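One chain, chain A, links the two complexes that follow: it is found with chain B in the first and with chain C in the second.
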Partner chain A sequence: MKPAPFEYVKAGSVEEALQALTEDAVILAGGQSLIPQLNARERRPGRLVDINHAGLGVIRRTDGVLRIGATVHQAALERSRIVKEHWPLLAEVARRVGHVATRTRGTVGGTVMHADPRAQLPIALLALDAELVMQGPLLVELAVPPLPEGARTGYAEHGRGWPEAAAAVVRAPGYARVVVTGGRAREVEHALLDGASPREAAELVGGEGHRHALLADVTRRALAQC
Partner chain B sequence: MRWAEIRELGPIRDAHGLIVLEEADDDAQTATFRVYGRRSVTFDGRRFDGDPPPALRRALAPRQFGRFVAAGRQP
Partner chain C sequence: MLTITINGTPYEAEVEPRTSLADFIRAQGLTGTKVGCEQGVCGACTVQLDGEPVRACLVLAVQAAGCAVRTIEGLEDGPLQRAFHEQHALQCGFCTAGILMTADAFKREHPEASEQEVREALSGHICRCTGYHPIVRAILSA
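The block that comes next holds the complex of A and B.
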């Protein structure tokens, strides 16, 4: 199918994008989720605001904080020297997202805003305490603080393509952050801080039956990397 | 070129090619540019042919700013 008719607006700046965002408008970044939805006519916006030329495509590190522009491609995150050196968890997760072709076009901001609960990058970003920097309704960047002193990170997933279960872990002396598909695993974090072994702590992850088994397995494997 | 200019450098484009700033590390004052399928590019009034463009490296990466690394050539 082809998309229903829409108006296309190419925003040259954040200000232009904000001005163009009418009530029936949607934002186009990498388009890896939006374009199929348009083609299937699951979405019928009156206007498409393209933010790919709005100056949001740069990865920056300033005062130890990683700033990922909303239109930074997943492939750029994967090959980034800054990310590899200082936030290896992100580089590791980025290379697992989709495949090369989709990572080349797909954006980090698009993944976050699309908010598919199975998406890997939001899990890693939550584990890293990333903040969404918004200007009005527009995500302009993700700010990722430096890792705690002495931190080690781990990531594991189960399933091909979209993982059925995934876990991202950040551990440092006196610090534990565990995020699985579905959100933070606070019981696991508390258990780790109380001295539980990774195997014991992983069993405290949520879910029932098969789902629990999958989440516990990926959590255990992610913790084993720390 | 000063770091403040490099970190904000917009896309450099001519009829044959495009170079974009991919990452800027303010703390280390290093920048990575991505070169898209190009035969030549004009920058700062000069034309650069071939790949890699050594004159562009010199222009963008004076010693105090460290190395210029084409993103596609990173290991």
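The block that comes next holds the complex of A and C.
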């Protein structure tokens, strides 16, 4: 359970990180998913480019838009007053990611780029219409627009840690955004906009059998919070 | 040469980039930090890095250069250890160092935590002998 040898480059800026990104290099952010893969030798990169000192660790709100630097820790998102006040969905979801001692290292950008379909934060970020700000191959920032006027949000999941099914929803007059494990549930959104009850709409979530039952259940529970 | 300050003392060693912080700590003779799964699941290797609990198996030693690490050897005797003793919150003790490092940081941030919050904080720690009830009781009573 030791990684294969690699070269380590600590990038002091985005430019340095981009320059260091050779073909066999991978980016090291929080490392909470990457390092287990290295330890199990599922991945054997020649070089790790550490972006934790590249100036991407800041959360700020400018012109109503939340800007989350790529290496902002999940714990910082969980603790942020700005996030709690203006994007309560993100604060609620952040505290469910992994465990205390992985959220202190794990980054918001890392969980997005790692792109495990069961990961909670990407589901919430998609429901909030977040944009990925890239500089070449490097994610530098996530930009989350303000919630629509009068919006209410909800989140529910089944199973702990890596939920088998999760749903994040944003509802406002004339607006519905429903994202479940696997992607947007557009049929549910259309039904809600057409006046269907949350219970009826949740049934349209897709999937078959047990999977459908789980997805419909989390969607119903998330909608009930709105 | 890599220098990491552990429990207030700087330790200097030549290491490969692939060396984990957990292995670095133990190689300095500080064997209170246990290494279990080496994939971030069991929580046994939890230490505090600049005051925050982290999995030492998921941090590279080179990433901790210039940082302040606190291990179980640096946790002064206090109410937490006494509560673990009184509540019989350990048997083999393999998981205990990691749990104490999380619990110490957790108690500082949430001095009035509910049982549910304590259980959530402990979710990243696996104990295979005592079971969790006495551990939860100890943290609540400390």
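Before moving on, here are some points about what is shown:
By definition in this document, the second predicted complex is superposed on the first by the 226 of 226 C-alpha atoms of A that agree within 3 Å, B and C clash if a C-alpha of one lies under 4 Å from a C-alpha of the other, contacts with A are read in each partner's own complex, and residues count from 1 in each chain.
Definition applied: contacts are C-beta pairs under 8 Å (C-beta built on N, C-alpha and C of every residue); 3 or more make two chains touch, one makes a residue touch a chain.
Note that the structure is predicted; figures quoted are calculated from it, not measured.
Touch criterion met: A:Arg160 reaches chain C, while chain B stays clear of it. In the superposed pair of complexes, A:Ile82 makes contact with chain B only, with no contact to chain C. In the superposition on chain A, A:His99 makes contact with chain C only, while chain B stays out of contact range. Legend: residue contacts after superposition of the two complexes on their common chain; A:Ile35 is shown touching chain C, with no touch to chain B.
When the shared chain is aligned, chain C comes close enough to touch A:Phe6, but chain B does not. Comparing chain B with chain C, the partner in contact with more residues of chain A is C. Contacts of A:Arg61 after superposition: chain B is touched, whereas chain C is not reached. Applying the stated contact rule after C-alpha superposition, one finds that A:Cys226 touches neither chain B nor chain C.
When the shared chain is aligned, no partner comes close enough to touch A:Val26: not chain B, not chain C.
In the three-chain superposition model, chain A touches chain B and chain C at no common residue. If you check the complex, the residues on chain A that touch chain B are 55, 57-64, 76, 79-82.
Taken in their complex, chain B has these residues touching chain A: 7, 10, 20-28, 30, 32, 34, 69, 71, 74.
Those residues of chain C that touch chain A in the shared complex are 16-18, 20, 38-40, 43, 46, 49, 52-55, 57-60, 62-63, 102, 105-106, 120-121, 123-124. Those residues of chain A that touch chain C in the shared complex are 1-8, 10, 28, 31-32, 35-36, 38-40, 48, 50, 52, 75, 98-102, 104-105, 160-161.
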